[in-house]
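Okay, here's the structure, questions in a sec.
Order of writing sets the chain letters: A, B, C, D and E. Residues in each chain are counted from 1.
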Amino acid sequence: MSELNFELPSRVIPGQLLCPLYVPTEPKVTKYIAGPGTKVVHYDLNNIDVITSTRIGNVQVVEKDLPNNEENEKTTNNDMMLIEISVINKTTSNDSGISNTLSKSNRDKLLPKEGDIVLCRVVRISLQRANVEIIGFQNEPIPIDGGVGTNGHGVIGVNGGSGGATFSMSQSSSDLGETFRGIIRSQDVRATERDRVKMIECFKPGDIVKAQILSLGDGVNYYLTTARNDLGVIFAKSNNGAGNLMYAMDWQTMVSPVTGVIEKRKCAKPF
Amino acid sequence: MSAVITVVKKNGGFQNANMVLNKSIQGFVSSDEDEDNILDNDIDISSSESDSENGTSKDRLSFQIVTPGELITEDPIWMRGHGTYFLNEMTYSSVAGVVSRVNRLLSVIPLRGRYSPETGDHVIGRIVEVGNKRWKVDIGAKQYAVLMLGSVNLPGGILRRKSESDELQMRTFLKEGDLLNAEVQSLFQDGSASLHTRSLKYGKLRNGLFIQVPSSLIVRAKNHTHNLPGNITVVLGVNGYIWLRKTSQMDIAKDLPPGGSTGAGSTIKSNIGNQNGGLSANSTNVSITRLEEESSWQIYSDENDPDLSNSIRITITRYANVIKALAYCEIGITQERIVSAYEASMAYPNIGSLIEREVMESLGADVINGEKMRGNAV
Amino acid sequence: MSLSVAERSYLFDSLSSPQALRPDGRLAHQLRPIEVYIDFLPSSNGSARIIASDGSECIISVKSKVVDHAVEKDLIQVDIDIAGERDDSLLVESISSLFNKIIDTIDSSKLQLTQKYSFKIFIDVLVLSSYSYPVSLISFGIYSALKSTYLPKLISSFDDLEVEELPTFHDYDLVKLDVSPPLVFVLAIIGDNIFFDPAFNESMVANNGLIISWSQGKVIAPVRTIALNDTYVKGFKPRLVEDAIELVNKYAQDIVKTLD
Amino acid sequence: MNVQDRRRILGPASAKPLVFANSNEKQSLSALNNDELNFQNGIISNSNGSSIVENNKMSLLTLVYGPRSTRDVSFQPNCKINIIIKSEKFETKNLKELSQFLISVLQCCVCLENYPKSGIDIFINFNIEDEDELVEYIPALVSGCIIALIDANIEITDIIGAITLNHTAVCLGQNGDQLLGLWKDPYKFNNNESGDYDDSIPLSEIIKSCQEKIIVSKQQLIRFISNM
Amino acid sequence: MSNDLEKTIDIHPVSFTPEVLARISPELSLQKHLSLGFRPSLKGFEEFREIQLNEDFLSRYGKEHKDNNIIGSNVLKCGDTFVVTTITGGIIEDSVVYKNMENELIGVDDIKSTDLSNYTSIYPVVEVERGRAGACTDEEMALSQRLYDYVLYSKILPKEALKVQPGIRITDNNNGNAKVIYPDSSDNSTLPDNVFQISKKWSYLLYAKIKVFSRTGPVFDLCWNSLMYALQSVQLPRAFVDERATDLKMTIRTKGRNATIRETYEILSDPCQQYSLRLHSENIAYASNYGIINLDPEAKITEENSDEDIDMDAIESVLLADLDTEAEENSVNSTISVISNSEGGLKHVSIFGGDAKITPEMLKKLLKLSQKRACYLEDEIK
């Protein structure tokens, strides 16, 4: 990494200026790119664009290769150096042992985004697809309120009963995961023999599934896939949820160690 | 008149509302008489002279404009079409509009109302929803139109096969809010339209301004994209959606005569004549040669050209106001009229004054008078 | 309805350029023409119907009632309804809160009938359709309606503290209500430019908006900033407030003249 | 309200709330005006972010929920901010107007484009409200929202400073170079004799003096955020 | 097939953080914790959460003088959760029906103070803040109703304590100074006797607004305890009637209509004089809750005797005090709620059987725990 010709603060708070977009350094002009945790903001006072931090964390600087497509040829010359500047959240940087193989950035997992591995619960299946609700990310802390409200008087959902009617607000439940919905289409269940997938032999309502986000989908649903060995059902109970917990035997069978019941699922490879 | 705001103030609202309605109807009629364009060839409004052969109820049938509930005819010989209903052997109108008779079919074409798509219409639409392998498009009709993923050209050339990744990244091609022009490919059972953009003259719209006029003012024609003086191109969607943009290379090429010419958008007038003739063959020529380039990602770009000069923008604004003035005067909108109104508007150096009622009315009058003088009018 | 990215950048570039080109060619301080029909509701004390050139329309009715002003403090009350919006939606409630504050600045001593009783004025606003933030339209409507309001003429005596009597009125004679309601202007800030009366497409690219009230020759409170869309909103140079107030002070008088 | 709320136990309808007679020993509020705000964050575990902002006249608890999914069926590329202020003292209409104002202000700094298809819901609860005017709460409300948003790990481009001066609230960004929000209400001389209101000061001057004060007044907030 | 079975009885090696596991499989999470000897909240089985009290700093009679209408308050913090209770007052004119009833009662000599009709309740509105708007949830409605009922049946709040004994505000004709005189004050000898003969009677009403923040588990006992603390802090203001209002009659003649008589009694609260609400303090009791759950033999299966057949009689169940966390709330179906005072007097017990094995020993134990808890809670306020 090349030397910076100005001091970057190590720890920053939102709104703190990091650097301008271009810095005339010798022998090359340095262009900074706003990475995760930063944003380009126009400053009225000096009438320049600068990169500002958008979260609390530590500054990280990574040199990037010059992209070699035609667009850049017009504007940049070879005397330019690209540096991506980003702010890494203190919590994420601390437990660096957890790394997500798919998402390159360490951006906080506030929202599911393309490529993320998520855990979801199957709520409905049809011939073409399984509807799921996303309940969290793998190995990411999640908000505590899951929407249960028992008080010795039975289970009452937070948006259940007459309290269900809400208006103007985003959602009634307080939890992020509980309310984002997703779809696993039959062709996205597995990588082979995709045309012959029978949804009923892959998922059952109530199963906990590990899946990857394919796309943001439409207004309501994310599109998810389980077409990988390590993706699929991880928790399931036999007899449509009435029986015992089952464990994966191979990639399409699960068994309950207590009762010996065997059911079909598209399992995540457990090892 | 104040430069800041003009206020028309009247006592009693609803009576005046009637006056406005009358005026608009008259406007419609007058433009009707002036220009046959307003009506399609297949619709024949019989005037009182050329009335029905049996001629039993000549006085009733002589009404050209009817209001809902108005008796059209007592003669049961007519087949009842859209906009009519039948009660006690008599045919009444169910909308406010113009009576139309085609052979034995009697229908009323509403003066106002939502656009009803027909196959082959060149329309402009706005994406409202990205769905499963299709986009929902607002074209101002009763239902949203559908644009299937298979009905668009994707980056990488026409012959490219649609892959699954395309389904997942449909939003990168067209997303909510995007404007495009397209052709109505077919109609579904319920009257909603299925669109396609499989031609280089269709696709995402950029470099300009969107305005909307009642769809009844746009006349269906062979060509709906016109290059106007001042390096401006207008796309007149049949649905009343209009796009004004800076003339692009494509637009110029399209207007060139088959032999090829150097004048970029210079000879509009000459083009008007040969548009019907040489155009279709010509545009396909261009398409093939430019296929490679235009099928790249650029056709779905959201970026405007960097060289949209202020003078272009001002001209676009002037055209937009001129078209709105024509719409205000309920004059059918054609390329010739836009140009003639544009020329007339040059009398007003301040474009902002074109939004005033008197100015709009005088512009409309200028256009009509101009046509009368030239003898275009019927 | 949202605009496409290309449309928005076209609009934003035009509007934020030093020449400040508006999509309909207006000058920065020019408002769109409006049509006002007054006194169109025979059973109201005053009414107005106001139509903007983009088809936005709102109707206003003024009704009155005799109240004991010792009991009822607020003598003018505005009730706002916007077609297609719930009564408790953020838009309706905040506009209605704003107008009740604005109306509060009207000198209500003109409504006093006797030492004990006053007229209470109810202004009902119904926005039939609106394509941009409707406060300006509503305030012009309220202005026209109040200016055309006639109230029954009092024939009983003014001094009624001793005599326990309700005010009585002339059978048909009416008195014109003499108040000067404030006007409210919406200004859009785009780049470093300020625009009066932003149209729908201008609002969609506005960096910020200002609501400025004006009455009898000067800018009065309430003054507010307001986001006119949810994509382009950002801060602006503080001195623009000064410019905006100056603009309002300069042109509001003309507007009042044309409204009258 | 004619509609009886049958979901809550509200007691007999004929009852009237206690009305306290005007006390003559009412202390003047302006004496306490310069009280510094105290901040706290992350107290509420079932929300994504939370903050408490208090001084001896107010205590407000701000909760941030989200970004979370919305009920909007159409795709939204940006996230929507929603604010609900709960207060016993002020009318809902006024609170909603204030909510709309705060949403406008926060839109200037929250990176909305990072959170597609979602909404950020902010709930503000007043625990103590001893101030007579809503406008006086705006600095605390803005600070509360900012801390709670940071606590929820939501990205923001600026720490907004807000000052209320002469019954006018001014929200400034970029160290005072940008005006993000302005709120001025018609102020009536109430029975209380606060003489700190002067109508003759033009708005631009108020803004100017706010610009001068902003750095100092933001200091404490920034210090707190740096230690979060 | 049997081959497959043998080789795949392995424990799932996919690992999750405890939070994630609690969300995706609460039962498993709970059982795993219990098999290790503690609970998901890391408490012991019979351990309660610490509580912190912040009594009565919100009300007008709190440490700092405030100009609000709150006459009693409490902030109770328990673990992460905190409950804010504010009590406001109202005044109602006693209805005729009530007066008649009272006369009848007076006619009977021995009014039992234990008669339920001599007690009233507080009107509670519970709000559990969970980031939602709109109508109240079933949980909130159920909580409010339980609080209302239990306050009434506990006989804490005697109607007598809420009677208003209004004073009279007299305006001195000479200097215009207003002065409030109460029937029991010393300097009322100068007044005519009939001045306190006001024909109407009033009672105070109490309203409680209970806001629960940061809910992590069942909250009824927290709400109840907070309400108890708040009730004990309530100060009722003295109320007075304006002299002019005591016998105000006004006739209004409207044009052509009947004359109407308007009579108003403006009853105002004295901002300076107040007295503590007299509760039946021996009836004050505190709430606690318990859960009983069967230990899942599967959870221990790896440690020992995995081959042993599971004997249904040998299923062990454990008693958990003070349920908390999502995992417990979701998986513990047998719950017991107790309201008890420090002497062990029970005001309320409810047991929901669920599926767990509840032994009499457990019940005895939990009653003892409740008493201990009540002692602790009672000491907190002193």
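In this text, contacts are C-beta pairs under 8 Å (C-beta built on N, C-alpha and C of every residue); 3 or more make two chains touch, one makes a residue touch a chain.
The chain list, named the UniProt way, goes like this: A = Exosome complex component CSL4 C-terminal domain-containing protein; B = Ribosomal RNA-processing protein 4; C = Ribosomal RNA-processing protein 42; D = Exoribonuclease phosphorolytic domain-containing protein; E = Ribosomal RNA-processing protein 43.
The structure presented is a predicted model; accordingly, all values stated were derived computationally and were not measured.
Here the chain-to-chain distance from chain D to chain E, counted in touching steps, is 1. The chain with its Cα centre farthest from the Cα centre of chain D is B. Core chain by CA centroid proximity to the global CA centroid: D.
Centre-to-centre separation between chain A and chain D, using Cα means, comes to 32 Å. Per-chain Cα centroids separate chain B from chain E by 68 Å. The mean-CA centres of chain B and chain D are about 50 angstrom from one another, to the nearest whole unit. For this pair, chain C with chain D, the centres built from the Cα atoms lie 26 Å apart. Multi-chain contact residues, meaning those touching two or more other chains, occur in chain B at positions 129-130, 171, 176.
Residue positions of chain A touching 2 or more other chains: 44, 144-145, 162, 167-169, 171, 173-174, 216, 218-219.
Each of residues 88, 90, 235, 237 in chain C touches at least two other chains. Every residue of chain A that touches chain E in the complex is listed here, in rising order: 119, 121, 135-136, 138-142, 144-153, 155-156, 158-163, 165-169, 171-174, 177, 208, 234-235, 244-245, 247-250, 253, 255, 257-258, 260, 262, 268, 270-271. Every residue of chain C that touches chain D in the complex is listed here, in rising order: 88, 90-91, 93-94, 96-98, 100-102, 104-105, 208, 210, 219-227, 230-231, 233-242, 245.
The residues of chain D lying in touch with chain B in their complex are 74-75, 77. Interface residues of chain E facing chain D in the complex, by the touch rule stated above, are 58, 60, 64-69, 71, 80, 82, 84, 88-93, 123-125, 129-131, 133, 135-136, 141, 144-145, 148, 169, 204-205, 207, 209, 211, 213-216, 237, 239-240, 267-272.
Chain A contributes residues 187, 214-216, 218-219, 223 to its touches with chain B in the complex.
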